[in-house]
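Quick one: structure below, then a few questions.
In this document, chain identifiers A, B, C and D correspond to the written order of the chains, with residue numbering beginning at 1 in each.
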Amino acid sequence: MISKKVNNVQDALKGVNNDMTFMLGGFGLCGIPENAIAELVKKNVKGLTCISNNAGVDDFGLGLLLHGKQIKKMVSSYVGENDEFERQMLSGELDVELIPQGTLAERCRAAQAGFPAIYTPAGYGTEVAEGKETREFDGKMYVLEHAFKADFAFVKAWKGDAAGNLVFKGTARNFNPVMCGAAKITVAEVEELVPVGELDPNQIHIPGIFVQRIFQGQAYEKRIEQRTVRQK
Amino acid sequence: MISKKVNNVQDALKGVNNDMTFMLGGFGLCGIPENAIAELVKKNVKGLTCISNNAGVDDFGLGLLLHGKQIKKMVSSYVGENDEFERQMLSGELDVELIPQGTLAERCRAAQAGFPAIYTPAGYGTEVAEGKETREFDGKMYVLEHAFKADFAFVKAWKGDAAGNLVFKGTARNFNPVMCGAAKITVAEVEELVPVGELDPNQIHIPGIFVQRIFQGQAYEKRIEQRTVRQK
Amino acid sequence: MLDKIGIAKRIAQEVQDGYYVNLGIGIPTLVANYVREDIEVEFQSENGVLGMGPFPFDGEEDADIINAGKQTITTLPGASFFDSATSFSMIRGQHVDLTILGAMEVSENGDIANWKIPGKMVKGMGGAMDLVASAENIIVAMMHTNRAGASKLLKRCSLPLTGVGCVKKVVTNLAVLEVTAKGFKLLERAPGVSVEDIKKATEGELIIDGDIPEMNI
Amino acid sequence: MLDKIGIAKRIAQEVQDGYYVNLGIGIPTLVANYVREDIEVEFQSENGVLGMGPFPFDGEEDADIINAGKQTITTLPGASFFDSATSFSMIRGQHVDLTILGAMEVSENGDIANWKIPGKMVKGMGGAMDLVASAENIIVAMMHTNRAGASKLLKRCSLPLTGVGCVKKVVTNLAVLEVTAKGFKLLERAPGVSVEDIKKATEGELIIDGDIPEMNI
């Protein structure tokens, strides 16, 4: 068994530097790599390009990096819920590339799986397709979209083991699995690092081969963005 | 919950007809839809195009359909282990299209996921790429391969429920998941049809949306092709 | 004239037994409350869940189980969770039977604009562009006119598009309309709304063929 | 001169700590037996398993757990099963560090032919074309000459290709050779084999640079 275990978030983020491109898992604040983000804030690396479906809220998630003006460019599908983001974008400090959510997922998966590009119907005829190659297959139009290239992918799983195997919980799965193995180095933080052999080989969402470093995360806040309930 | 449950293999195969294109899961004899194959033999439908990684052995798996000369064309990556196959191929009775295993998997997945075609490096510079579009990305050459089109996909899972959710076991998973939802109608047979709600929503390999019909399979033989053991 | 709930109720009539349905934010979300109880329907949310149930009871919400609107939800028996690539395989692969979403503008040829207003803060398209580019059956839920009284059913959309030639049906506070090769075909009038009212509120080509019945809600 | 086990032993020396390895059928399969015990290696099989262990004990074989050679196998702690698309994501995405496979012919520019002999029954390429098109590190295990005594290290392959310009290293019964821009660079001689022997058995361009050491097996 090839061990991917590192002792802490500091070791997990070795090699992280200014001007790098990162992928960050999560949808809204659900399933985000809280420990990695906190450490990126501490390291105060700047000029980052972040590929992530959302940009967090003002005081949590990627909002923390925005607050420190660490992000140069965001590649996302939806960036509401964040005043500082809006301010930086409108002032021109922050570059923003908005792309369809399914395209974002598949450009990650293409990088993971060794595909250079994909043809998707999403965005055809819209400004998202401007300057991009389009093509007809069977009477329907598609846009050519390229695989992402990233230096680090930061993902968060529910359980994992030293072999790098990961299991996600509920909708905290989202973009995390498709980002594993889609960057040069994939760093996984887990709520529970279990002994090797405890995870059922049949029920592993991401095999360890897609993960380079794994560590036991600490003190997850798991903030809820829209608490909606009904009364008993 | 939308029920996909049918009572037996006869109901599951309603609409199957001569000259159709089928996808069949399995690798070697591992994870093959034994019940569906047996029923196809009984129905004696002819002129079939079968997309399946292998072609079974003389007296089991797709070999049973070959024996009855029901197959017009095989689309596979490896077809050894089968004398009747060899005879029909060399005599010209059987048309055979051999394609790389990863290409076969991804052409299924493309059909499942609504991609018209993919670019893969597999087969570039070989006769597999003859007559196909090739293209360079980042200095590497790729071949354009199109999504499969099939009438039925026959897959075999370990456990499933009436909602069509599937869980596979060990390496019997193989091509089965990528064929689900890749044909007009996906028929899943399972070793164990469990009550809805029993499968952990977090641990479902194929969500029911990709499956149109599911039934409790009978009398699985699960033949072993190469029994290799060591002594205690 | 319908209110938002009325629009949701009318759209709910379009939901058929055995449908997998993706609901957008706003009026579409309300549709789930009015689907007939004698049919089986499953709701998909593009962040990675199929088989959504109602909101959780107070105190039982789970930060790891949300919908695409980031709301805490529950799941029903038979539900499943999956990653974002698989979720859009369901959408792009046309396994989802019906997509209901809001719009700022719809054109007579079925174009839709619902993600961007030039000069205003752009929040992004989320999954909307994938949904409209792939779904075979798209119903738009919206008001017939904007706050200034201008028609939202146009000859050509003025706002940046989300998708082209994709909308099949529009349900507004005034009418149910089908998008055809020749324009918006008026199918039903909202209670108390005349054909003349709808004509006035529709900039795009409006096809009126025979008597137009009032909706039955 | 090496036998098949000798070739496997020599290739095993190329396997480094932390490598994910895919082994082809034949001599490559034997390599697993000779990997140093003080390093950690995981074996991937393209039918959908990572972390393969030895064959099962007699009576403990499971029809649902096989390798790409259709042999019954076991798994080690930390193993995982996955579908065929994911398996080739590992291969195409270059997550597998080393691929070892057999060949009928290799050319001096790294082309490989190992799947088809015209006029004979063609069994198919299986996963070989994906493996050779994607792997960054491919070692070929084969006899230096065929049964008729003809070289299998050629200027150009005569058989239909499996992949182009992909082989990095060849280990035969006579030698270890690196595929370079200028041809086969001789790295090591098998025990008791002379440079002259290797020259005679090699049709492709052979580069001999200084003294060629004997293998240390």
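What we mean here is this: a contact is a pair of C-beta atoms (placed from the backbone, for glycine too) under 8 Å apart; a residue touches a chain by one contact, two chains touch by 3 or more.
Keep in mind that this is a model prediction, so the values were computed, not measured.
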- Give the chains in contact with both chain A and chain B, ordered by label. C, D
- Task: Average the CA atoms of each chain to get its centre, and name the chain whose centre is farthest from that of chain A.
- Result: D
- Note on the structure: dist(centroid_CA(chain A), centroid_CA(chain C)) in Å evaluates to 29
- Once you find the CA centre of chain C and the CA centre of chain D, what distance in Å lies between them? 55
- Note on the structure: Note: chain C sits from chain B at a C-alpha centroid distance in Å of 36
- For chain A, which residues are shared contacts with two or more other chains? 109, 114-115, 120-121, 168-170, 201-202
- Could you tell me which residues belong to chain C and also touch two or more other chains? 81-82, 85, 88, 91-92, 134
- Query: Based on which chains are in contact, what kind of graph results: line, ring, star, complete or other?
  - Reply: other
- Identify every two-chain combination in which the chains touch. A-B, A-C, A-D, B-C, B-D
- Item | Partner chain B, residues of chain A touching it in the complex | 114-121, 137-138, 140, 142, 146, 167-170, 201-203
- Note on the structure: Interface with chain A, chain D side, in the complex: residues 18-20, 40-42, 44, 50-51, 75-82, 85-86, 88-96, 134
- Item | Complex contact set, residues of chain B against chain D | 27-31, 53, 76-80, 86, 89-90, 98, 100-106, 108-109, 120-128, 158, 168-178, 205, 222-232
- Query: Inside the complex, what are the residues of chain B that reach chain C?
  - Reply: 1-3, 109, 111-115, 161-163, 165, 181, 196-197, 201-202, 204, 207-210
- The residues of chain C that touch chain A in their complex are 45-49, 54-73, 81-85, 87-88, 91-92, 111, 121-130, 133-134, 160-165
